[in-house]
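Have a look at this one before I ask anything.
Chain nomenclature is as follows: A, B, C, D and E, assigned in order of appearance, with residue numbering initiated at 1 for each chain independently.
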């Protein structure tokens, strides 16, 4: 999957515009896990939705396996839906509270033809449902129940099962563990890892918890105010961040170790995405800000074999 | 701001046009609605009918008739009734409006005060018998057809117990202009006020209570309690003040509908010559000019009230203020 | 029936100036009556209120009693004699008459008033005044109406001469009719609406607001010229308030807040009024009855037997009950009401009677005869829709009719609409109304208004909303009979009366309608009101009421 | 689906259980059932118990009470012999509540009238909900032009007071009947008030539904369904509709209460149910003319309306509380 | 350390004993919080950690007397400066609230009344407890906001809540809480809704309160990282019961309860080698209705054995990690950061220490790193465990 200079602008009342995604280009390699981190409101979910064409992009191109899907109609997109799926953050809201889990899971199987191009029979659907429940370690009895009868972790498993029902190759996971307790979060993160190993999936894994991202992803993209400011191998980005924002982000994470020293936190708040600062979008909070940053917007540029950063004065070179 | 105003204006014009065109078409699609014979009079000769038809333009194409009527209604304001020859409808409405406004304003005052009191007390005493009793009273108020309540009120105050000291002050049905005799105005309207208000007291107190109870689970109410404020202050300054946003929007619409003629049943039962009754009479007589005028009047009121509610929102809810 | 509480005042030229003069009369009416223009308004409230405001050349007597039938001179010095076989009438205008604006009334005003009738499109311009020479032209081109050759005036001799195209037996009545009020020549040639043009009567309208009320005050230029025709008024002012419903009006009069109500006392208040306020009640006959026209051109009532069956079957006693009992209403089974010229009691459809052998009074329904006729007609099982006005008493009568029709074997239903809509609706033949329920009252006492207007061939106008012959009835022989009766009026009134009665019976033999009930008005006055004089034509004379 | 194992309580069943625990709502339901039942049995009462015909005018008739022959319309005892009054409440089976001005048995008419009132109000409520759901879902889900057109239409309808709107439509249709192409509705058909009342309350019901659908359209589970490639119609049918149904169910009794009031108002103005059929509104109207002499004729149907509307409101409240499963579920997990 | 700053032999600021809170539901009383005891000394920061639904907020609200659900049962005792908070009449409580004990809440978005300015709301609290004029109150408000690091405090005070960013709002919230110099600040997940970079700012601010205002803080969170960097002592709640309590340092180094240990282990590390898979705890916490009679953690615990299962749940016992700490009487066992003993003591509600098989010290990330050894720590791989509620 590849996106080229994708932009998404929301039009607010009073003629204001909000650039939720502001010119992002990146590609996702088959079999890799691309972590997407950034603070709340920086456009992670929007980007994730754009990838799957759940929102129409304002400009740019989205390519899936070389095919341009940017302007495909909903109908034309339908066969491709089998290839790419999404898991949402709010495990409760993403399950219809008025339908049984079995119905929910069977829905994609009913609307899409089977591998033989024909409608799936009841029996194959039932068999597939049991398979899926096995895959996410839920008892088959769960199929007859409603979403509200499950705990958050279990619901997230159901969401994952639904996303996997059509055996997609790409799964966009939009903060799938943020709403979970740590003890459950670990189970789900493990499940994601297991599934990837077993089924050879490709993930775009959105999270705001760096530790989780680090645990699961091979590459990380750090977003700030609608743009990717740093992109590279997970460990490179988290341990040798080149962008001051990435550095601040890693430093700010509280660690469950007593006496861990933490750098002084960043000052100030994230500017409103409606009034994005001119020049480098991070200059208002950057501790190393220089004159050039205020006027000239840095482009994402390579600083290593697989490491790019959007900063005039990167902290580290590839 | 100017844009918003223009948009509002455009919307208003659109709604008015829509309604008037609809009324006009429905009228002419109704068999037996041809007003010629009624204008000409009983047993009028065919020639007289012809004269009337020409004079009133009933022989012209409908769009022309529509345009003429709109011109007469809005520009020259000399549109005359089809039933009472020569009666101009615009001044007729202008005369009826004060009656309706008197009725509705008084009732509104009663229902606002009482419903706020009832709703707040019930919310404060949530779960007690007082709460349940008040809410039940509200429900009963909602359940009584206003025309029936009005009749029963008339039966009691005008006939059955008119001779007792309790109701001997009640004047006969009808309206007394405020400018003529304020005390008489008050006496004539006080029972209609109450009757009209009863249902709204029920609705508003229930809505308010539900709102306040829902709000009491809100974080900011918890914050207020954590601040150590007194329950009264929390309920009034934080709860009630926030509920006012819903309350006002509800009130604005109901008030407008009533002033626009929605109090028709009350007006009919109490013989108040207000806009509602006028509209009702116009409708029963299929008096198109009057129907048109009253419907336009009420539409203008409702649209206007919507605008006023929106403006009030700005005062009441700073969030809305910024969203514009 | 008419029971004036005091005897009419003796003739006197001076305005009454005794203890009973002065004060304000307070009247109540539910609704206003629209335009005040006396030549346009066809609303009886306005007629009632404007009777002491306007005058015609002639007038209906302003006193009660059996002698009060023919018209008498009003602005005219004398009732004219027909000349030229009834084609010419010569009238001399009284001298020293003034309009309420001080202008002197002259013959030109009279001629102008008649022209104005056509110019403003008076509802009766066609039916009442089209026999005047030139009237046809006026009807066709009202704006250029001259009535040339129709009305000649001579201001020197103060005479006005009317020329008719053909004799009109009721021409004198029509000169007395409200629309023939004499107005200043300068009155604008259009409906004056809410302003009343100057009149000649003892009062003038000083304020009128259709929503709230009306005030009449004394006309300063009025000098009584003929007490019988237009007596001077007692009260100084008459104040009318609109807006109360009849229930409220009754209460208010009982409590002394008003002196008179225009509307009838509602049915459920009759008992209370009759027992506690009996002394304040006036009951008087009206030339008003309710009937159900049967459309003789469409099934099932194109069958004479079906029409007769219904006439036999209807329970007129029930109809009386719906109007408040025998004191208020009388069963009616003929087409001329009691009090109308030519009225001769006759009931063809009652137990023990037949068209050939009518009884003088209705006794009871004759269901057996009705069923027999039904069988013969072969119309049982057909659908009949009664078109009735929405208003209360009509609704009850319509229900009774429906029950009767059902008992005769029809599939009957009632469709109600408001009276203003229903009245033109049932007249239009395009609406195919089988059976309507309606009432008819005379503008002035005459037989023709009941028989000719309602059942003559000429008054059936197909596809028109104004076609008072709702039965679509047309029998040339009966038409001829009615014409003869009408023509005889000029030469021999008694013969005319007989012929009308004959026509009445002939019509009822054909049964183009079901006459139901004739009613009386029950009027309530306040305790302080005196001297209620009820006339056949003008009901209670407001100018004669006195207040303490 | 499968009917095996312990049947998992669905959200509906849970709600019903919740409702069953609500004593007030159950009492209201019982009242409604009782009233409906007695109205359904109206012919039985009229024929076998009271022995009267509530549809035929009977002013000239008489009945036997305690062995005395009594005129139904009794002459008033006054010197002028003015007016007659129908028999008042007799306390016997026949004319239990007295007669109306046409000599008909008010008690029997109340039962028949109740049938019409309940029938009209329930049908109107259902029809209104169907229309409102269609309009609300179309406007909320498809947005854009559909929403604009529907919303403007609603604006127009909103701009006229509800009762005025209903009265205008009634006056036009009651005198003429309705002719919609091949469909002809007779003027005295009950369909007319049903359609009119349903129509005038559409904006009232469509607004919350549209709001709900707008929220649902943004709901993550709808996005999820779209992501799965589920066609729109399936989303509307399986994802939107079931979630709107709670709103509909809660609106149902309230709308029925409103419809009942509207029906009685129209009938009171003689433009609802057409005679000789009765409804509580027409009986009140009949009673209006007797209010000074026989107030029971107007009071009894009024009380019936109050009772039913009250019960419907209580039931509606109960349903609202019971159907809040979603929030309840949130709280407990 | 707190033990040094708190004057010895004085009563602790807050002494909670056996606090139980139950809510009625369908005719039954559901125990949400069971027998929670702890003490909080002057200028001390106590962390209350636990998973969602473990009763943290309920505990805090019970202390503030803010639970007003009908039929709620609160037993036990909570002495604040010697005053019993449980059962205190509302009038008296009101005088304490906001003045002596202040509270800040998780979501700064919704914790302010939307229709008043921030300044108005802070003024209101000040004027509710002190006789100050409007002007004086506003001056204090502006001063407080400035101290909280709010830029342009005077203007900010005149703005409405929705006009401020999350971080600013939370600062305003803290300013409001501190406006009457409370001795105890209860912060219920004050940073959960905030971004990490802003979270760090707020935590810094809370830490500084101790020195500038002399306030004690009861910090509620579910983030072990936050606890580690902020709190002096820590109380771990599991399903409404105290699982473990003790000085933060000790507790993190040597978790005494298997739950604490597993919780710490399941947090993905940010530094060091990446574990192949995370040592997750199977299943989910039980709902209060299905809480086991014995140890609440038993169904998910790898060390579970027969003694864990029967009622009553295991009491808090000192974990045998510190040889100097004399074993205390089980019945009166309690956490005491300011106890007379100079040695900090750590307690766990587990049978293992008493049975002589305490847990090994906490594994470091490096130890967890190499592949499937995770299972060697005794945590089974993620699976749908039997004891989990449906």
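Just so we're on the same page, contacts are C-beta pairs under 8 Å (C-beta built on N, C-alpha and C of every residue); 3 or more make two chains touch, one makes a residue touch a chain.
These numbers come from a predicted model, not from an experiment.
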{"item": "Joint neighbours of subunit C and subunit B, given as chain labels", "value": "D"}
{"item": "Chain-contact steps, minimal, separating subunit D from subunit A", "value": "1"}
{"item": "More contacts between chains, B-E or A-E", "value": "A-E"}
{"item": "Of all other chains, the one whose Cα centre sits farthest from subunit C", "value": "E"}
{"item": "Chain whose mean Cα position lies farthest from subunit D", "value": "E"}
{"item": "Between subunit E and subunit B, distance of the C-alpha-averaged centres to the nearest whole Å", "value": "56"}
{"item": "Interchain centroid distance [CA atoms averaged], subunit C/subunit E, Å", "value": "95"}
{"item": "Gap in Å, rounded to a whole number, between the CA centres of subunit C and subunit A", "value": "89"}
{"item": "Whole-Å gap separating subunit B and subunit D, where each centre is the average of the chain's CA atoms", "value": "23"}
{"item": "Per-residue multi-chain contacts in subunit B, two or more chains", "value": "31-32, 154, 159, 284, 286"}
{"item": "Sites on subunit D at which at least two other chains make contact", "value": "171, 175, 291-292, 333"}
{"item": "Per-residue multi-chain contacts in subunit A, two or more chains", "value": "141, 145, 149-152"}
{"item": "Complex contact set, residues of subunit D against subunit B", "value": "152-153, 155-156, 158-164, 167-168, 171-172, 175-176, 257, 261, 264-265, 268-269, 281, 284, 288, 291-292, 295, 298-299, 302, 305-307, 309-310, 313-314"}
{"item": "In the complex with subunit D, residue positions of subunit B that touch it", "value": "11, 14-15, 18-19, 22-23, 26-27, 30-32, 139-140, 142-149, 151-152, 154-155, 159-160, 257-258, 260-262, 264-265, 268, 276, 279-280, 283-284, 286, 291, 295, 298-299, 302-303"}
{"item": "Subunit C - residues contacting subunit B, complex", "value": "31-35, 37, 40-43, 121-127, 130, 139-140, 142, 191-194, 209-212, 241-245, 247-248, 251-252, 255, 257, 390, 417-418, 420-425, 427-428, 431, 453, 459, 461, 464-466, 468"}
{"item": "Residue ranges of subunit B touching subunit C (in the complex, touch as defined)", "value": "31-34, 36-38, 40-49, 51-52, 55, 80-81, 83-88, 92, 95-96, 154, 158-159, 162, 171-175, 177, 271-273, 278, 281, 284-287"}
{"item": "Touch list for subunit D against partner subunit A, complex", "value": "1-2, 5, 8, 10-11, 219-221, 223-232, 234, 238-239, 242-243, 245, 325-326, 329-330, 333"}
